[in-house]
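For reference, the structures are reproduced in the following blocks.
Look for chain A in each of the two complexes below; its partner is chain B in the first and chain C in the second.
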Partner chain A sequence: MTTLNTSIRDAWSDRITSTLRPEDPEWVVSAKREAAELIRSKGLPTRRDEDWRYTDPAPLLEADWRVGVDGPTPPPTEEDIRAFTYWDASAVRVVFLNGRYVPELSVHRTRTDGLSVVPLSEVMAGKHPSVESLVAQQLTADRPAMDLLATGGARDGLVLRLEDGVEVEGPIHVLCLTDASGDDAYIPLFHVFELGGASRLTLVERYANLASSPRSFTNSATDILLGPGACLDHYTLEREAERAIHLGARHVRQEDRSEFRQTTFTIGASLARHDTEVLCDGDETTTSLGALFLGEGTQHIDHRILVHHRGDQSRSEQLFKGILDEGSTGVFNGRVVVDEGTHGNDAQQSNHNLLLSDDATVNTRPQLEIYADDVSCSHGATVGQLDPDSLFYLRTRGIPRGQAESLLTYAFASDVVDRIRIDFIRERVQEFLSTRMEFGNTSEMTQ
Partner chain B sequence: MSSDTDHIEKVTSQDYEWGFVTDIEQEKLEPGLNEGVIRFISAKKGEPKPLLEWRLAAFEAWKTMEEPDWAKVGYPAIDYQSISYYAAPKNDDDRPKSLDEVDPELLETYEKLGIPLHERAALAGVAVDAVFDSVSVATTYKGKLEEMGIIFCSLSEAVREHPDLVLKYLGSVVPVRDNFFAALNSAVFSDGSFVYIPKGVRCPMELSTYFRINAADTGQFERTLIVADEGAHVSYLEGCTAPKRDENQLHAAVVELVALKDATIKYSTVQNWYPGDKDGKGGIFNFVTKRGLCKGDRSKISWTQVETGSAITWKYPSCVLKGDDSVGEFYSVALTNNHQQADTGTKMVHLGRNTRSTIVSKGISAGFAQNTYRGLVRIGKGARGARNHSQCDSLLMGSTCGAHTFPYIEVKNRHSEVEHEATTSRISEDQLFYLRQRGIKEEDAVNMIVNGFCKEVFRELPMEFAVEAQKLLEVSLEGAVG
Partner chain C sequence: MNLLEIKGLEASVGGKPILHGLDLVVPMGEVHAIMGPNGSGKSTLSYVLAGKDGYEVTAGEVLYKGKNLLDLAPEERAAEGLFLAFQYPVAIPGVNNMYFLKAALNAQRKHNGEEELDAVDFMNLLDGKLELVGLDRDLLKRSVNDGFSGGEKKRNEILQMAVLEPTLSILDETDSGLDIDALKVIADGVNSLRAPDRSTLLITHYQRLLDYIVPDRVHVLARGRIIKSGDRHLALELEERGYAWLLEGSETGA
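Right after this comes the complex of A and B.
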């Protein structure tokens, strides 16, 4: 067992060092070497780790993943990605294919002063000295081993910096696509967003497959730094193909009065896991996390959340909803920590799950860890099926059973859907939900 | 499995290779734990061979196990070889002769708790012949129970007189390999209580260790086994509100409950072991494994606990709901003050159809204490129609204490409903203001609010216990207010 783990650990360490290039500047070389070394010394998670209790990391770590896969030839055109972009009203669209920036498909529609959006690959090549120190600092930040595999291995991602007081009109759209030739592609990505004081931004991260794809493993890490009074409305839409594995980690640090809103939709991948760690470092911060996940087949969808209150008078809320059909499994592992000596923090956490099949499973762990008395914290979790009384009520009104069921399921999901402030996306998600609920799992999500 | 048995046989049949001589006359064993110690304990108690084998198997298992470290408690490493695993019950010569010889601080607490004078002597460990009332009371009760076929005696006595019954159920709910402390207990358990309620019998009184004559000094590795046969009903009280001093720092008890078809077992605990001083020095480490098996259909097991003592509490009274329509309940008040640490909660494992469970947990944390609720609700695939509701509230008093809630909910069945709610807050300023405005002193106001907070649990306690428990909270919270 131990030796097996050691060899896997070494393999991952080697995968990270294999992404080094001779022309890399010193700070990139040292960061990657450090990550590789940490993997060797720290080791990788196992099911014995509380954070991985309900999601076994062994199968995804043991597979023989390949780094640096080739994309399709010829490269995709605007037409090929139309399914994801035709709605696009974004100010900036940045496209990555198999973990590499695609300049031909990326668009800067509106130029905003004080906004810089550059690919990590260019930063690593020394083309953007102004953000180098930011990236170098985040690359060496302390993080769990699984995220180190993403940050250490990544050659690309989005580096975004917003100056103080700048508001960006329209969302920024980050489209991460997979279309690898052959099985077992490992696709690491590292995004860094830094928002200056009192700036505002809406950002959509989207993960999808371009064509029906072989087995792949997308591992993305996103670091978000919010300055005083900054406001970020962040969406993650994950719909990778059936055999894909998706790990997405977000590390957020909030300064005074900043606001972080995050809404995650998970529909795809055989194994999808979203890790969100929010450090409420300042006073009077607002954090609002919401997620909707839909499982079918043998899908396994896991959300791990940590909201850490270190300042005073901050508010955080979590609303996570799962609808699990067939043999799928949903996991919610949410934790709120309120530090000693803090005052007036308010943290609410809720997780509700709907089981639609006898083979579906839900494991939920809402946790509160409170070291201060001047707090107001609560959590709630429920697991169940559609309320028979509500169903009966609708049927007495002449609504057929099937329709009544989809109506109630839709209603269950609606408060997460209503969080979406981008009209077009909200409407599309609503449309997707109503079709999926009516016709089972045959519908396609078009956006 | 068979190789296991072979091994056990080999181990049990061979002579102790280091030439340990079993000296039955010895009153206290030297510190240390080995096979010889276990053979000694077993021989001392005149146990049948299967029980010795069972103990030795547990010891073998224990040696391969690691001490758990997942609980949110911190304590210095325990040296299991520095503990003496057997001491004969104190004889009357060692006990205080009268209340005058008892620690005045202890007597003061009795006074505050309102414990009747004649009971104080018994509680303080004054020699039994100096205590008048309780003995005669206990003897009268014992006769009445025997008439109804109820067995209520010490486990050692039960092993000698009803070996088949004991061996049938011992370890059937908490297997020897269950966890580190349960394995240790299985190997070296000192004594405890055994209760058997025959078919269809409703025990006419609350059974309490207090009324069992030989209950004194059951030792640090207590083991309790309660079996309620079909349709039987029993309410059992463990511990008492009076503070209990003990020289043994480590306590690892095991309690097993078995409820057959239509049986009901109600188990109430008030735990008030020595919690250590204000600076967190000393105090008991209380690592307890308690589990009930609702074996038959429509059976019910209800745990009620008031935990105010011990420096460290590690305790999860659980219910395995195997029979269809069986019911599990857990009502708990856990109070930690000064430097106490408690990691306590329950497990509700739903296996049968239409099984129901209720969890009500109230945690109060003051001073520098850490109070953790840790609970598991598992709904198995076959548990159609299962239902659980959990409510965990924590009250914080002071800015240096902590309250934590770690529920685990695992549902594998859509025809079931699980709800979990938890809140953490301090005493509401509004409530306090309202009471003070009515002329109630701050300390009294806080006590009223705390008692109100725990009401749901106290309601489940037998009457006389409930009254004492309220006072106990007040005494335990002394110094935490203001």
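Right after this comes the complex of A and C.
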């Protein structure tokens, strides 16, 4: 390890301990100290790490990030966040600003028995003993160093627990906003969702910046534990500002017959990195991961996925699609591991990329590691331009070239968009895409 | 007046010369059939007329409504009323068939300074056309040609033709692979567009279609040229005798 790396990891270690408060209970103190110590001993990733081969972590680690940056004064009002909530019919909305829970902007329209939704800050302040052990356990779980920077540094995030058999109607909306005064705010967040057996939930995590957009670094970690037969439909909408850096990591553990469905839209940030690790620990689990990422300018968007089949008779699928314009770059690093001695697993993986400019690039790296005999796996990756025959066909019907290109680009994205089961979000995403691709109303465009 | 005049057309695909000095005139209001052996250049001609990239015209000219057709982009040719029913219609997953039809019609209307149709007017227009073509309404909700059967694709081409009401329709083997009922649908579609100010170019291998759509002229395209033209009786003669007797004569001429 180089000296440079030593001083950087010391700085990060100090950033973590600087988030300690005198009133913190013992379990918080020890978890944060442990994270700080691990950073010092384990070090931080470099480009030599397999997981960071196509995204250099150095620039984002080296910058002089400040922790605990305050939000604007006066704090934003309901009116200020209207752009993110006007369409929101969620039963529960939890708002974080610069990594801190904002009770004034959060709403709990319904109270469901067996559902607890509380901010991590309150759990750390000893206000919710019932979820304390869950949080303490996840805080000390083994995880990559980059995620430790999030979990160790976080003072807030969403802690959600759903009791066995509870079904929550309507989505829960987690809105994580950044509005840092001045540059270089480091914003760690730690979310923990635990779904009891046969419970059901739809949850939307959304990351965005309020009006002004100084350089900021959001680092969020989301731990998801799915009990037997639990079902989570999870959405991540990331549209941070132009100069923002966004790292988001999801660690999912699935027990028997549980279903995890995740759809990610990555649109913003100068550098966005989304990690998803799913441990299919039980039998007969279902995992469906879908993502659409759109790059322009000099954006760099990296998706790393690991789906690990440890049980039998489970199904996993991955559908990742990138549309890269101008000088943007995309990365798909998708790994599927099927353990020795498992039976009847089915793992499908696909990554398709559309390059709209000669300067856009994508690195796609699908990896299957199959140690079982009784398994069905497939993977495919494509990188291409718009299909000339389709383009010609549309033009022979009178549709001008530009419009035909937009239409085909939109069509390319449609199967990921169609995954969205929440009507108002699907419509907003369609609206966004149609504006981005410069044509009018598309509500009737795809089936 | 001639709607289409092709003079000495030579064209190459991927550097390979396919059309070798092709002459053809289609007067306004007439239906002409083009027949010819496989690989003789019929589809190539249709692509050149529609403006496909990679089909390079090396000599000759094409006048459409008296103007140089080859100067126009494919979408401009379409807006000027030229329509090609593809021998192999392209499937476009993710683009809704109905949306596509409406976008096409409105793009053409806009180009021609006409008001675009709103959803209601479009549906009204479509209802009549659907009946004419006998296409299952459900196919409108699907992606363009995606997973359509061979016959459904061909009917979909005819539906587009019926909606767009082109001035010059070029049908490239639209009758191939169709059952008798579908054949009549195609014929009805073409015949319904028959008018003094429209023309049709039918590329076909079968005299059968010409029983339903009686052509004004029949041309034989072989080895990249029109080697014989005649009235509808020529099609009957070809049906009986094949192309060999014509090809022998053309070899020395080429």
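Rule of thumb we're sticking to: the second predicted complex is superposed on the first by the 437 of 447 C-alpha atoms of A that agree within 3 Å, B and C clash if a C-alpha of one lies under 4 Å from a C-alpha of the other, contacts with A are read in each partner's own complex, and residues count from 1 in each chain.
In this section, contacts are C-beta pairs under 8 Å (C-beta built on N, C-alpha and C of every residue); 3 or more make two chains touch, one makes a residue touch a chain.
Since the structure is predicted, the reported quantities are computational estimates derived from the model, not experimental observations.
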What does the overlay on chain A give for chain B and chain C, a clash or a fit? fit
First (chain B), second (chain C), both or neither: which does A:Gly341 touch? first
Contacts of A:Glu50 with chain B and chain C, given as first, second, both or neither: first
For A:Val383, select first, second, both or neither according to whether it touches chain B, chain C, the two together, or no partner. first
Which of chain B and chain C A:Leu368 touches, first, second, both or neither: first
Answer with first, second, both or neither: which of chain B and chain C does A:Glu26 touch in the superposed model? neither
Does chain B (first) or chain C (second) touch A:Ser357, or do both, or does neither? first
Should A:Asp415 be classified as contacting the first partner (chain B), the second (chain C), both, or neither? second
Expressed to the nearest 10°, the angle that the Cα centres of chain B and chain C make at the Cα centre of chain A is 70
Three-chain overlay, closest Cα atoms of chain B and chain C, distance in Å: 13
Going through chain A, the residues touched by chain B and also by chain C turn out to be none
Could you please specify the touching residues of chain A with respect to chain C in the complex? 388-390, 392-401, 403-404, 407-408, 410-415, 442, 444-447
Of all residues in chain A, those that touch chain B in their complex: 50, 340-341, 353, 355-358, 360-385
Note: in the complex, chain B contacts chain A through residues 70, 379, 381, 394, 396-426
Contacts from chain C onto chain A in the complex sit at residues 50-53, 73-75, 77-79, 83-84, 86, 89-90, 92-96, 98-100, 103-105, 107-108, 111, 119, 141-144, 160, 164
